[in-house]
Every structure is written in C-alpha cells, then in structure tokens.
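Note that the chains take the letters A, B, C and D in the order they are written out, and that residue 1 is the start of every chain.
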Amino acid sequence: MAKYHVTASVNGEPVEFLCAAEQTLLDVLRDELELTGTKEGCATGDCGACSVTVDGTLVCACLMLGTEAEGREIGTIEGMADGDTLHPLQRQFLEDAALQCGVCTPGFLVAAKALLEENPEPTETEARYWLAGNLCRCTGYDKIIRAVMTTAAELRGE
Amino acid sequence: MARVVLPSSLARYTGGATELEVEAADIRGVIRALEARYAGIGRELEEGMAVAVDGHIHQDDLFAAVAPESEVCFLPRIGGGKQKL
Amino acid sequence: MATATKETGNGNGALKYVGTRPWRPDGVDKVTGRAKFGADISLPGMLVGRVLRSPHAHARIRSIDTSAARALPGVKAIVTRDEMPEVPSQWVPAGEVQVNYRDMSQNVMAREKALYDGHAVAAVAATSAAIARQALDLIEVDYEVLPHVIDVREAMQADAPLLHDDMFTQGVEPAPETPSNVFKKVYFSTGDLEKGFAEADVIVERTFTTKPVHQGYIEPHAVVASAGEDGQCEVWCCTQGQFTVRAYCANLLGIDIGKINVTPSEIGGGFGGKTVVYLEPVALRLSQLAGRPVKIVMSREEVFRASGPTSGGAMTIKMGATRDGRMTAAKAWLAYQAGAFPGSPIQPGCMCVFAPYDIENAEVEGYDVVVNRPKVAAYRAPGAPISEFAAEGVVDELAKKLGIDPAAFRLMNAAKEGTRALYGPKFGPVGCVETLEAARSSEHYRTPLGPNQGRGIATGFWFNIGGESCATINVNEDGTATVIEGNPDIGGSRASIQLQAAEALGIPPERVRPLVADTSSIGYTFLTGGSRVTFATGMAAIEAAGKVVQQLRERAAKIWDIPVDAVEWEDGYARPSGSNAGDFEPMSLAEIAAQAGKTGGPIAATASINAQGAGPGFGTHVCDVEVDRETGRVTILRYTAVQDAGKAVHPSYVEGQIQGGAAQGIGWALNEEYIYDEDGRLENPGFLDYRMPVASDLPMIDAVIVEVPNPNHPYGVRGVGETPIVPPMAAVANAIENATGIRMTDLPMSPPRLLAAMDNGGANGGA
Amino acid sequence: MTSLRYEAPETVEDAVRLLADADGEARALAGGTDLLVQLRTDLVRPGLIVDLKRIPRLMEVSANGAEIRVGAAVSGAVLGKSEAVKAAWPGVVEALELIGSTQIQGRASLGGNLCNGSPAADSVPALIAAGAVCEVAGPGGTREVPVEDVITAPGRLALGPGEIVVSFVMPKPPARSGDAYLRFIPRTEMDIAVVGAGVALTLGEDGVCTHARLGLGAVAPTPLLVEDGAKALIGTKVDDEALAALAAAASAACNPIDDKRGTVEYRVKVAGVLARRAALIALERARSNG
C-alpha cells in the first residue's frame, strides 16, 4: 500500500511521518506519533474529543487526512502546558473540578484556548456555542463553562 | 423475639403470612429458624434476598446482629445479588 | 447562579480534610493528555481486532464461512461461535442488574441466532486495521432472517416473535406452559389498595412510555489482551470493575481466575455501561489463538448498536389522594425492555416507583421482557428514572387537581425516618423532606415566570449500595502514604478516597497518593457502581488507616518505652495520652515512618470489608422551561438540583455528579432515543442523531447539597452518583405542563412530539 | 487490496484533469467534513481523492462593484471574517456558519456543502435566496449554473465527470435589501436541519417589496426555490397578511418524508413558521440598509 511522506510541525517541533491516504490526522497523531492525548470519541466530527489546531484554526483531527497536514502547524493538548507550568485553563479546570472522567478534557482545553485567542471576552452564551462541538457526558458543562469564563477574566487581567 | 417481614413473593412458603416472629441472634439464625419452619425458604432468602435490620440494608452479611426487638425485613437484592434461573 | 452548598450540620464539624476541595490527584494527568485511557494502551507486536456484527434484528445463523478471511495474508486469528466455549446458565451480579453467564457468552458472540442489529457474530485479529476490515468483508454469514419485535408491549403479546423458545415466565402461578418473551413478573403490595382508593377524593391514572437511551460515555469500549503460552493472561481495558472483567473472562473462556490479571485503564465515562463485558473475552480468545496481544476498540457506531443502553418502558400509574392532600393509594404496572436477554432493571424500577412517599396502600407489578435490542446494561440508578418519571407526573397532576402547591403536596407525603417503604423495610434517617424544603425555599422556586414559561418540580430516590471492598495503606519512609484500592475512578473517587484516608491518618491529602490497582495487587473489590465507592471503599480506606494508626501508636510506644494505651493519635501526631503517660514531644507520622525499620519493619495495613448500611439518596429538582408554541422547542431556562449527600467528601465532585446527572436526565427528557427502522435496524448510531445535550442546550445547573448524615459511615457519607438522574424527566415534563397545559406522557418530549400534542390539544403522547 | 491515492493539485486545470482521468471513483475534497465521515463508514470507497484546498482560486473571497465571489473551498471560519460578504449577504454567512461546530467551521465550505448533495444542506437555501450562481470548471471549460439547479436528487449533482464548483458568485444587493436564513434543529447546535428557510428581499423607497426569493431545505428531495414565496411578498409591504401568504406558500411547496429527524406534518408546518421568521429578519435588515 502506497504511503505518503508528510512533513509538518506538531507543537512547534518538526515532524515527519509516513501515512496511508485514508489515515486521518487523528490516526497519525495517535498511532504514528504516539500523541494519545488527542482522543477518539466518534470519528465523525460530532464529539470534539479530537480537537486540535491546524495553522491556528480549531478542527477535528478525525475529519482531516494525515496527508493534508503537509506543511501545516498542528497544535495538540500535549503542547498546551509550558514545560512544567500549566496553561491557565488547565489550572482553572483543576481548580473548578471541571472534569470528571477526563476523556473529553483535552478536546475542551484545546477548543477553549482557541476561543480565548479569538475572543478574549466571551459571554457565557458565546462560550457555550463555541464549545457546543465538544461533548461532555459527566459534568453537565456547568463547571467547564465557569472555568473558561474565570480563565478569560484572569487572562484579561481582571 | 425479632419481628420478620417477608415480601409477598415468598408468602407461598408460609401459607400466606408475611409477618412472623423469630428468635435469633443474627441474620443466619433468622434464616435457619425460618427454614426449619418452612422448608425451602432458606435458600430463597440466602440467595435471592437482601435484609434490612431496623431499616439498614445488608447484603451477603449473614452475621449482622439481630436484637430481640429488631425488625428484620427481607427484600429483593438491589445490586450484587445472585438469582436462580 | 452561584452553586450553593447548604450545610445542615452533621455532627462532624471537626473534620479537617473531608469537605475540602483540593485538586484531584489524577487531575494534572488528565489536563495534559498524559492519562492513559482504554484505547491509549499499546503493546509490542500487537494485532488489531475487529468484530463482525449482525445487520439483522433477528436471524438464525445457518453457517459462517471464514475460509476466505483466514486465507488473507496478515489475518492471524478468527473467532466465531465455534471458537467460544458453550457456557451453562448461571446468574451473577453486574452492578445493580444481574446477568447470566450463558446469556453473556451468547451476547459476546452469537450462537444459534443473532438477536439484535449489531450482535457480534465473528471477530478477526490481523496485522493492521485495514487488513482486519478487509477480512470482515470476506466472512460469509448465511442468515435466515426471522420476524423481530422491539416494542415492549408488542413483545408481551401471545403472537409476538419469540426470542428464546425455552423461556417461561417466572413469578406467575400457575407456571405457564408456553414460552414467551416475558422473563419474569415482579410484584409488591402493601395495605389495602381498594380501601385506599375508596378513601381518595381525587384519583389520577395515566399511561406513560419511555424510549431506550444510552449511557453515552465519550470513550468507546477498548481492550488489549495478551495470553501467554503458559496460560497466564493479561488484560488492560476501560471498565468499571476489573474484578468483574476477570471473573467474566474466566467463566466465559474456562480459565482459572488466578491466571488472569486485569488492569483497569483510566475510564472515559461508564454510568453503568462498563459493568459488563463485550470485547474482553473475544480479544483474549483471539490472543490465545494468535499467540500475540490483540487490541480491539469499538467505533462509536458499535457502541450504540452493541453495548448496553437502558430499557424503554411502558407504565400505567394510578394514585389517589384526599382533599386535604394525603396520598391514600398508589398502583403501578410496569414493563421494561431487557434487550435480547433477560435482566432489565424492572426490580429496582418497581421498588423505587413510589419510594419518596409514605403511602399506606400500594401495589406494583412489573415485567422483564426480552426484545430484539442490545441487552440492557446498568445506567445510573437503573430502572428508577423510568418508573419515577411516570409516578412524579401523576403526583404533579394530583397536586394540580387538589389545588395544592406541588412542593407542598410532596412534603405532606414525603418519606422520612420510620416510613415503611413499599418493598419492606423502614427508612433510617433520610433527606427527602430536607431536599424538598430546600427546593421550596429556594429563590428559584419563588421567581416569577414569563409568558410560555413553566416550572416543574420532581423528587427522586435511589437506594445506593455498599458491598465488598479492599484498601491497603502503605506508609512510605518519608511519611507520605499510598492508598491502594480496586475501584476504577469514574468521576473523582480517588479524590474522595484520598480525603477520607488523609482524614483518618491526620495528614494532608497531598501526602496521600491514591492508586487504583490491577486484580493481582489488591483484594477483591466489587465494581464501581451503585454509588458505592466513596461510601464502601472509603470505609475500607478508613479502616485500613485505623490499622495503620494503631501500628503508629505501637511504634511510638516502643520508642518512648511506654504502653501503647498511653499513646494517642491526633492530627497526624502520636502524643502521650496524659501527663501520667510521660513527658514526650509529639512525634509526627513522618518521624515514626523514618524509624519504621528499627521499630519492627514497614508500616502498612489492609482492610477488607463488606460495607453495609449504605444510606439511601433523595433529590429534588426544579426546572424552568420556555416552550416555542410554533416549533415545539423546549428551552431549559433555569435548573436547580438539590440532593442529600450525607456528607460531601469533596463538594465540587458531589456538585459535579448532581449537575451531570441532571444534564443526562434533561437529554433523556427532551431528545435522546433509539430510533429503529421497520427492519429493526438502529437508525441513529452516532452522536449526530443520538442527540445528547451540548453546552449551548443547557443553563448553569445550581447544585445544592444538603447533608443528612448516614449513621453507618464514620463521616456520614451517602452515595451521590445515581440519584440525580432520577428527577429530571418528570421535572421537565411538569414544567412543560405548567407552561402549556399539556401533560406529555411519552419520552422524549422532542419538538415534533410536543408540537403535535399542542396542535392536537393533547393527543400524541400528550394528554 | 485497493489503495487510495491522494492528490493536492495547485490549479483548477490540474484538478479537473485528475478527476476526469481517474480510473475508478474519484472524489474532490474540500473541507472533508462529509467526505471523511463517508470514508470512515464505508459509504464511499473511492480510488482517488483530489484535495482542492491548495488551489488559490478556490480559497479566495473577492468583491467588486457588481458582485461577490466566494471560493468553493473557503471555510466558514474564514468567510465569517469577511466584512464584505457579511455586509452584503449576512444570511449566507450565517447559514454556512450554522453547519456543525466551531471545529467543523474550521473546514466546512460552501462548495462542499452543496456538492455533498444533501437536501438538508444549510448553506444552500440561503444561496438560492441570494440568487447565487456556481462557476463550474470541467474538461469542457467553464460554465455557470444557478445553485438551485445543482442538486438533482439526494446525493446527485448536475455536474459531469471531472467538473468541480470553483466559486459562488452573488450580485451586490441594491439598497434596502436584506437576507436571512433560519433552520430548525432539535438541539441548539450540532444537528442536521429538520427544516431550513432562506429569504432575500429588496424594498422600494415606499417600503413595498420589489424583489424576493425564498429557498427551502430539508423539506423535499432537493433544496427548493419557491417561486410562490416570492410572489407572496412582491408588491406588499411585507405585512402580516403577506407573511401569512409566504408561510402558506412555503408549507405548500414542501414534499418531505418522515425520518429520524422529523415528520412530514412537522416539516410542513415549521417550514411556514421559519419562512415567516426569516422574512421578518430580512425585512429588518432591508429597512436598515436604506
């Protein structure tokens, strides 16, 4: 089976990988690059557990082919903390108990980070709609939304 | 004498009675006393039932104490039970 | 919209760590992506397993031809019914429902018949996913398609297609002579029903239905299994009970329990749905045949088609009350879908239906009915949300007819300490009244509503369970401690075990590391379910800590050369118990630990218990909705959920359980359902059309904790995980009725159903 | 085993050639939010995927005095930032932005939404209302096809082998114009439309409607241009009576099915409701575009 050679960057580091045409970016991240923080919940773009950024845009890694990553800058949950310093969103999720089982958490964090970069001052409704593509079955979203709103205020210096 | 309450599904062993009095110091004693009176009921009680002693539910707990004034109430298992096919 | 914690006092005011909100011990791993869930585990040389599933709801399997698939390069093993041992009938626990090993074996791999769309008929292990997928295409199954039945009432008809020709209804006399789809009848009664209804001034009778709904955990089932040539087996999987997986694999494959070690991964949600096995025995069998590790991960479609949802139900409820608001009689008829094999949660459904109320005369009959759907698995308070949805609707309607405020009406009849439950025993201290009072006195309950808006209230009950648990505490050389326990942490239980152990030891929680162990590293522990872990395994951890404290006192006594009775343990320090005992500086746990070798060896203790006396849980929810009269859309405007936690060990995670349960219940109420086509195939096996609530569907959910301590737990703990899914469906239905005057009796109350009911003035699932 | 090939040409001509010359089934890839799901679930098993996103013409948004041109593979996230398109055809932008989640918006495009061939595609009724025309390139050159003529049946397009939609061209609306798109879904996000309605209208100086178009989705085998809807509005002041006539025309145009997302009865009724509500928004916009 023909494999494609792809050169890209993941969390700021150059990567090269071989992938089949039908492999998704999610398959590549998890199976080829062993970055298993990005989760598969549905493989159809309905749950957001595989949220990553591609050139800064939030996407589902399950809805993009690995070959499409050629030359792109991919951001995953593994790149969110700075060394041993957690991102403010990661810290606030822990502070507010905004996770229970934790399997949706990486996707929520990646998506919430993209939200705050796009819109530093979201309303609760805007945050809820931005995150509507991330399913959580444990929390009822309450503590997640609170953590996002609190972090947004913190990042604005309030 | 402890007061024993049985579910109506076991009344077929007791000739219809669902409230009885039994002298026993623990749950196993209650089951043994009932089996002596109504052959066959012991296995039903041990395998298919949970027990509430004075309102507190016990499962798989043969040696929980029963006081003379206790109410011992058998009820269907809620979880973790065995059931005969 | 602040989350309020209402402390009602529990006599444990001295608690130092229990009741605080530290970061959870597994938290950093989970926010960095480091935590390993089921599908994140890999082994060298691992094969990819895939399962072939029946496309038919009901079909006899005439033959399975695997020869072409076996010939495909890269295929290393194939399992069909022929490779799986035939297992005799035996009933065993699975969370709060029971399963039969023979049925489980046939559910894991179909034998004579495929009994539902998605039923496993074969599995392959291959060197790549693509080859495994191609191999499935090459397996030829010859099906004889049979008539099927899915609706529970239809399945009970005498002429319904029969799933099992050897099933004769239990619990009816005389015993039936012809087989049917009704596995058993459950019956409870108390008092004199006729007399009770004769006393009533108002009687309401209604018929309800609910659709099957799925637990909807985000992580699909996943397993890696490895069988060695020496018969030793290793299994890694996402499960609510590693000991259950071990027992099930051993029984289904005829392996000694001691030869199987099961390691639970992090688990991405379960809600009861991961208390049973689907993939594990199959992966293990494939590994035995291939001589290599095998990994199988379900797709989301497989999760919906083949893993346990809960029952759909049909119910008729009749209740009566006097003019002054006293409930005098209640009658329920309930039928639950069990799926393809018997074992619906009909029993708890029957036991819970009127549990929030003190009713002298009552009768409940229930039926466990097999249908051509996946075998149901436990789902959060299994059985209770279905029957209590119906009963709470009738209670609301009675209140309306009597002209009494629905919260007040419930309070007038609320179960309290000493109330005899319909299923037998009298309640100990319970918080039904307290949750109702907190709801009624909330600011939410008094806030005025706008046009097309309505408010509903509903109360719910769940037993909670205890059971077998082990915990080991090892004191480390520097005075930190490790707590080893056997319950997969599904919603923060490591935090609650850590806090209870820390409290009992008297050291800060950050010095106590909790660890969920594999089946070889800790004694038998019943699975994570029944809201039991914080209660039962917490008690085991407290008991183990007590034994450790005893050792610490003994070591201090040795060092000080005084009798052990003269040493007391307080706040993490050994102290002489009084001036007579001697004049010694208090010695910390760390100081004693540092000298452990010299004073008798390592300090460690294990407790193994069968925890009894789990305190029942009550909750009351208040929901405001707005109804779009032109489209039937229901918007949840505001939601308050009150619950008795006994004692909230980590209040944030208690609130989280309450909020999550409420959200799942709202989904069940409004949009979630299994939709089948006329051939019995599931039409919505994905998150697109199985519509679970998304963030923009919900408001903040105010979680209010009340604390009526459970006298059977050292700190007063009650389980909290399940009760919160019980009230929401009725709370939403009652709110819709309040807004529109339409009583919706069929779930889900989706826009097409509600619009049709409004347009028809109450027909089509409305009344 | 069959091997899937992936190509990412940089010109329209190369893309057309690759698709036209393909041996087996070939698929054009824009955002991939439908195609990748179909691949995953084995609904399609093509031998070739031609990724169009490296072709500049398909990724551009441009506006001149007379018209607005949106590349077929421009994502919702990008189009949502185009002030020119948002000012001219806010309903079209909103419709594209309604498709799926924020994550889907990072990829989903007008071209992909149309060429998936679904009767429930959110952006299509809005494009129909806007009078958008597709620029189609193929082995035989370039042609123009009105959006309402592209989908001929569920999953079937009026495109020949090797033909791709390059861009969408919409006129710059005159003064006192407005458009809007509304859809009904059971949840607030993440669902496929049960009913979708797009309305565009222009008012004269006297407030009388001089031009109107109504597009409907998910109520028939293909998205619909409802001529009677336009007739109900033109010549009126878009008062309650005209809106009632619009709703009736919308309901009358429906030819839906019962399925897992809604019933016939429901779709017929709600199509009228949404057409009226969308017209009210379009009217408001037209009045503020004086």
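To be clear about the criterion, contacts are C-beta pairs under 8 Å (C-beta built on N, C-alpha and C of every residue); 3 or more make two chains touch, one makes a residue touch a chain.
Nothing here was measured: the structure is a model prediction, and the numbers come from that model.
Here C-D and A-C were compared by C-beta pairs in contact; the pair with more is A-C. For the pair subunit A and subunit B, the distance between C-alpha centroids works out to 55 Å.
For the pair subunit C and subunit D, the distance between mean C-alpha positions equals 44 Å.
A straight line joining the Cα centres of subunit A and subunit C is 29 Å long.
The centroid of the Cα atoms in subunit B and the matching centroid in subunit D are 69 Å apart.
In subunit C, the residues that touch at least two other chains are 130, 687-688, 693-694, 696-697.
Within subunit D, residues 1, 41, 188-190 each touch two or more of the remaining chains. Residues of subunit A in contact with at least two other chains: 1, 20, 22, 43-44, 46, 129, 131-134. The full set of touching chain pairs reads A-C, A-D, B-C, C-D. Residue ranges of subunit C in contact with subunit B, taken from their complex: 89-93, 95-98, 100, 171, 173, 186-189, 347-348, 351, 417, 423-428, 463, 465-468, 526, 529-530, 532, 610, 612-614, 712.
Listed in rising order, the residues of subunit D touching subunit A in the complex are 1, 3-6, 8, 29, 31-33, 36-37, 39-41, 49, 51, 53, 75, 77, 100-104, 106-107, 188-190.
Within the complex formed with subunit C, the residues of subunit B that make contact are 5, 7-9, 12, 52, 54-61, 64, 71, 73-76, 78-85. Those residues of subunit D lying in contact with subunit C across their complex are 1, 41, 184, 186-192, 194, 260-263, 265-266, 269-270, 273. Looking at the complex, you find that subunit C touches subunit A at residues 3, 21, 23-24, 26-28, 30-37, 39-40, 42, 130, 215-220, 266-271, 297, 299-300, 490-492, 650, 652-653, 655-657, 659-664, 686-688, 692-698, 700-701, 703.
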